[in-house]
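Each chain carries a letter (A, B, C and D) given by its place in the written order, and its residues are counted from 1.
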Amino acid sequence: MSTAIELIDLYKSFGSTEIIRGVNLAVEQGERHAIIGPNGAGKSTLYNLITAKYLPTAGRIRLRGEDVTGCPPYEINRMGLARSFQVTNIFPRMSVFENVRCGMLWAMNYRYSFWRDVDELDDVNARSRQVLEDIGMTSRADVPAGVLSYAEQRALEIGITIAGGADIVLLDEPTAGMNRSETDHTVELVRRITENKTLIMVEHDMSVVFGLADRITVLVYGEVIASGPPNEIRGNPAVREAYLGEEVD
Amino acid sequence: MIDRRQFTRLAAVLAAGLVAFPTLAADPVRIGFIDPLSGPFAAVGTSGLRQAQFTADEINKAGGVLGGRKLVVVGFDNKISPKESLIQLKRVIGDGIQFIMQGNSSGVANALIDAVAKHNEREPDKRVLYLNYSAVDPSLTNEKCSYWHFRFDANADMKMNALTDVIAANKKMKKIYIIGQDYSFGKAVAAAAVRDLSLKRPDIEIVGNELHPIGKVKDFSPYIAKIKASGAQAVITGNWGADMLNLSKAASDAGLEIPFYTYYAAGNGITKAIGAGGVGKVRLVHEGPSNPPLTDAWRNLEKRYEAKYNDKENFTQPRISNTVHMLANAINKAKSTDPAKVAAALEGMRYTTIWGDVVTMRASDHQLQMPIRISVHTNKGIEFDMDHSGYGLLTESEVSAHVASTPTTCKMKRP
Amino acid sequence: MAVANTAAPGRSSFLRRNAIWWAALVLVVLLPQVARSGTAIAVLNQMCIMVIFSLSYNMLLGQGGMLSFGHAVYFGLGGYFAMHLIQLAGGAGFFMPLPLTPIAGGLAGLFFGLLFGSFSTNRAGTVFAMISLGIGEMIAASSLIFVKFSGGEEGITADRTDLTPFFGHRFGSEVEVYYLIAGWMMLSAWLMYRFSRTPLGRMANAVRDNPERAEFVGYSQRRVRLLSFMAAGFFAGIAGGLFALNYEIVTEETVNLVTSGIVLLQAYIGGVGFFAGPIVGAVVYTLLQTLLSNYTEIWAFYVGLIFVATVMYAPTGLTGIIMMHLPIYRVRKLRTLALPYLKVGVPALCCAIGVIGMLELLHYLSVRAVGQSTKRLFWMSLNVEQPTPWIVFGLLAVGGFFVARRMAPALVAAWEAASAQAQGRGER
Amino acid sequence: MLELIVFSLLNGLVYGLLLFMLSSGLTLIFSMMGVLNFAHASLYMLGAYFAYSISAKVGFWPGLVIAPVLVGVVGALIERYGLRNVHRYGHVAELIFTFGIAFLIEESIQLIWGKQTMDYREPEILSVPLFTLWGTDFPAYKAFMLAVSIGIFIALLLVLTRTRVGLIIQAAITHPNQVAMLGHNVPLVFTGVFGVGSALAGLAGVIAGPALGTFPGMAAVLGSIVFVVIVVGGLGSLWGAFLASLLIGMLQTFAVAVDYSLEDLFAEIGISTSKTSALSDLYTVTVAQIGPILPYLLLVLILIFRPTGLFGKREV
């Protein structure tokens, strides 16, 4: 297997505060990788560094071996990396269907086309319907995204993320704020849609993490203290200490 | 988009609105007065409109035209803009009005003369006649002349000729500053001044020849400082309206007390702004007499007009009286309001003004041939002051119509 | 036609969509037969030009989320270039039929859209608004200074009939020009509608809604905005070209801030959230400007009032208000609203009459000549020096306001009931 | 030459400080509330008209005090009953709203006072020359304008640095999102700042009315320039606004005095130019003629090369 994403000596400071302090991490292709850590460990910052929302202070980021440090988000996306957001980030005034469709226009090679009618792009529309089916929102296709319920918006968020068919998917706390059954539903959804893809997710809910991830990286105060398969992490004393005796199960 | 039903409904509303336009009502003879009624030149435009309406009322009181039809002057605000003037012209034409009057800004006049000519050619059954009472760019009766345009004021060249005669007579005068508004009239004044001075007094140095944006400069102090620094002994300016008002304000604030040779430095607040500082220094070239009034008829007219407006207004543009009267005479002579017939009647028409001058509408270029006067701003010997300020204009010299006349290059296309 | 922004994909059939365009075409062709007076044609011409201009403006504000205070730059520069082409072709006599000249305007708009858009579309929102204002002022001021190009204060003029005849037409008469302008309007409107339905058009919506998200689905927000901006510039230029050939004059005012402000006013009053919004806005504004101004000098004040009221109480504009009733209309419940509307509408009308009356009297006080004291208003002669008209109008205004306010909750309730039914039906 | 420089400096100072009176309020409002108040210059105009009406009844001096207070009240009302309701639709809607208000104020003024220039004059006592230098008078009224502007500048400085309210406002400028956490009545502070900013604009109108004319277009004359000032100075920076005001004031005054064009420059270095070329306007116009473009050119250049403005910390 080859490496999907590689982080080399990554640093990030905001002002004088150093948040990420020399992270080295490699995620293999096809792997489901979770990044966990206590509050303030820098998970979100790391996530945003990988997806090019933030620029690292030092260090390199490689996407399938290619150096992408400093590339704008849209270029990263065009290279086959898609991300979701922790705070729901959809196109509120457009319909659910349109949201999903916008997620794939570039990937389907329609780019800045200003002569084709979107309603006549059969491949795009078929695929959009498929994605809606996948996230279970076919019946809500025509509803403006802004009026969806929270859980629906989260699902749509994932729908937009996967719409372009990127083979590296980054999810930021996909189950945040959900109740048990919604969470189970989402885990199933994530499992299904990331089949044969590389998944990197930041997650709080340990049941989700251990249910989904092939490998887990534990981040504490901007440094990786452990990285390995779930079993190994579960038994790692340093991790247990970091979580201050919290039950890691 | 909206659906079909709404479209039809919209169409119905639209159509109803458009059909309801007032259509031609034949009874009164209407004159569309297209001039600035808002903006920096509103004061000049509205006072012109009042004078035109006043004159029309006088004519109506004496029986109107064509044996009883009344003259009605309708104001159309062109905001001093050539573009807006053409939009208003379309309105005027759409309303079935056959005569338009305009005077402020030669820029507007250049647009109107062109548009009227085009319109009259394209729609000969809806012709209009353009009576220009005050736009004095010489080209309007020279290279741009039109059969459908008549000018009732002396053009900038005629006026400059008279002004420079006065300047040339002053042997001590060596340095002159020219300042004007940046458009055709300001440029025409500057060109005429340079040309006339170089002919009459080649020894006079033009120490400044400046154009400023029209209607936009509120504080002329920087310009005054510049004039002062240039060492000029006199200023020539064609400024009018707010631009003349603000220029004289800044000059009097800065204590610049050199002579000003002007076209329009009186009335509409300007006389008041010049005040004591300009006595014996500010001169202006114009058509009619302010003081002494020359005839009792003129004296009475001034009195009636000032009484009507509580002494706040003066009949500042006697040429408007000529314009409306000559139109009335021409309509009567043609026995018709058909613009083509009225135009024919106007050509070569002689008219004795209320203050006793005899003027002629030259047929070759439609430029009124008229005497010109140079007056000085003063408070002595004034029967009619302006702006209720105690100051007014006293006629100093007079150039007869024959002397004031300039040749024309007009090659008129006649229908 | 479906709402452009939230339209259901593939739902409204191709045929039905086109039916509305055909209907519009028929309307446009027949209008001059109904309204024949010169003024009416002049108004229609102005209206059609404004429709294109407003639609192009909405490509920025409504569809792209860019609030521009300088859209007249592209309108005016388009006008200047088209006018230069007309002058040039008229003088040199080369082949150039008049109907093609607006393209020169469009290309000029496109070019300057690229030029100014290249640095002004980096951001949306307030920043974009400010830069657009600066560019607008700069171009307006320049157009008075670079006289060789713009003709200065006087602008530039040309004779449109000098050009190559177009199938025998020289476009001397207003009606011929109307058909030329209306043809361009239909074409431009259709193209702009099409544009809103293309991948780029959809992504312009996406960038408006959420620029960050758009970046993470592969689109550069700057590029999307720049391309929309150029397209808007192109159509504004077309409108400017039509302006040039209609009025045969282009001056500084076609590029200045006032024109930019008017187009914002039109689009917003009509409703920026809908494709048809700016059309409604342009039609309503032009009618107010040309008809209302025959009756009152302070028509612009009323337009201002309508605008501010729209911003505060009906941000979806006139079209939004119409669209709100569409679902209710579909379930045939509009009738249940009639009485509540009447109960609010009549007192509201009284209030409006009162307010208008007072405003007109107030205005009359400032403009009347000495000794005049009677104002003709609402087919009555009123003496402004008497207290009676003031009291009556004051009572109408205050009374109408309070009665309307008391009746309003009933209307809201009725409306909610009706729309609940409409929704219930919609979900079934 | 020296007199031209001295008087241009004085005129530029008068104009620049007047701009500052407007831009200080605008930049305070923008930095605290994120609202770019399009109607700011309209409030300035309103100040002049109020003062005109008051001065016609009771004289110039009462107008100098009453008119700004009235404008401040109008501003506070606009904030309380208009802007606050529109706030939920976002900053763009707020900007559109203030644009509408600007339009409405201009039309209201024409409705009430008509379209003509008002005869609003300085008081007799100030309509005399203050001093005469090289034969040119410097009017006392301009000195008075200078004094008022400087007084306002000092007062503003003292309020912002020495008072509790000032400290809150400063905190709000640097950390716009955190004022609420300080436990202050934020809406009240907003209304207050908007009112005071409007009153400053009104005061500027009161003193500018007699000098620059009181007419319905007076807002449009300064409106956009004030925007230029706050962007060039740097949003949120009062010092920036101050210096940019002076810069623009000087720029516009001095430009008038310079009759050079590119053509003259070319001639100096020995390049001859053709008068007939279509582009000849580009090099034959003088600096004096392009004066009106300069502020906007400056704005565009600043936005391209230094988006934070001269002294701002926040990018616009």
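Quick note on the criterion: a contact is a pair of C-beta atoms (placed from the backbone, for glycine too) under 8 Å apart; a residue touches a chain by one contact, two chains touch by 3 or more.
It should be emphasised that the depicted structure is a prediction, and the values quoted were computed from it without experimental measurement.
Q: Could you tell me which chain's Cα centre is nearest to the average position of every protein Cα atom shown?
A: C
Q: Relative to chain C, which chain has the most distant C-alpha mean position?
A: Ranked by distance of C-alpha centres from chain C, the top chain is A.
Q: Can you give the whole-Å distance between the Cα centres of chain A and chain D?
A: Averaging C-alpha atoms per chain gives centres 49 Å apart.
Q: Report, in whole Å, the distance between the mean C-alpha point of chain A and the mean C-alpha point of chain B.
A: 75
Q: Measure off the straight-line distance from the CA centroid of chain A to the CA centroid of chain C, and report it in whole Å.
A: 43
Q: In whole angstrom, how far does the Cα centroid of chain C sit from the Cα centroid of chain D?
A: 31
Q: For chain D, jot down the residues that touch at least 2 other chains.
A: 110, 289, 292
Q: Among the residues of chain B, which are close enough to touch at least two other chains?
A: Within chain B, the residues that touch at least two other chains are 182, 213.
Q: Can you pull out the residues of chain C that are in contact with at least two other chains?
A: 144
Q: Going by the touch definition at the top, which pairs of chains touch each other?
A: Every pair of chains in contact is listed here: A-C, B-C, B-D, C-D.
Q: For chain D, which residues are in contact with chain C within the complex?
A: 34, 36, 82, 85-86, 89, 91-93, 95-97, 99-101, 103-104, 107-108, 110-114, 220, 224, 227-228, 231, 278-282, 285, 289-290, 292-293, 296-297, 299-300, 303-304, 316
Q: Enumerate the contact residues on chain C facing chain A in the complex.
A: That would be residues 5-11, 194-195, 197-203, 205-206, 208-210, 212-220, 223-224, 227, 231, 273 of chain C.
Q: Please give the residue numbers of chain C that touch chain B in the complex, ascending.
A: 1, 4, 19-20, 23-24, 27, 31, 34-35, 37-40, 42-44, 46, 144, 152-155, 157, 159, 161, 172-173, 193, 247-251, 253-254, 274-276, 279-280, 283, 287, 290-291, 294, 319, 322, 326, 369-371
Q: Can you tell me which positions in chain B touch chain C when the two form their complex?
A: Against chain C, the touching part of chain B is residues 1-4, 6-8, 10-11, 14-15, 17-19, 21-23, 50, 81-84, 86-87, 90-91, 93-95, 105, 107, 110-111, 114-115, 118, 121-123, 126, 182-184, 213-214, 308-310, 312.
Q: Show which residues of chain C lie in contact with chain D when the two form their complex.
A: Going through chain C, the ones touching chain D are 65, 67, 69, 119-120, 125-127, 129-131, 133-135, 137-138, 141-142, 144-149, 257, 261, 264-265, 268, 298, 300-301, 303-305, 307-308, 311-312, 315, 359, 362-363, 366-367.
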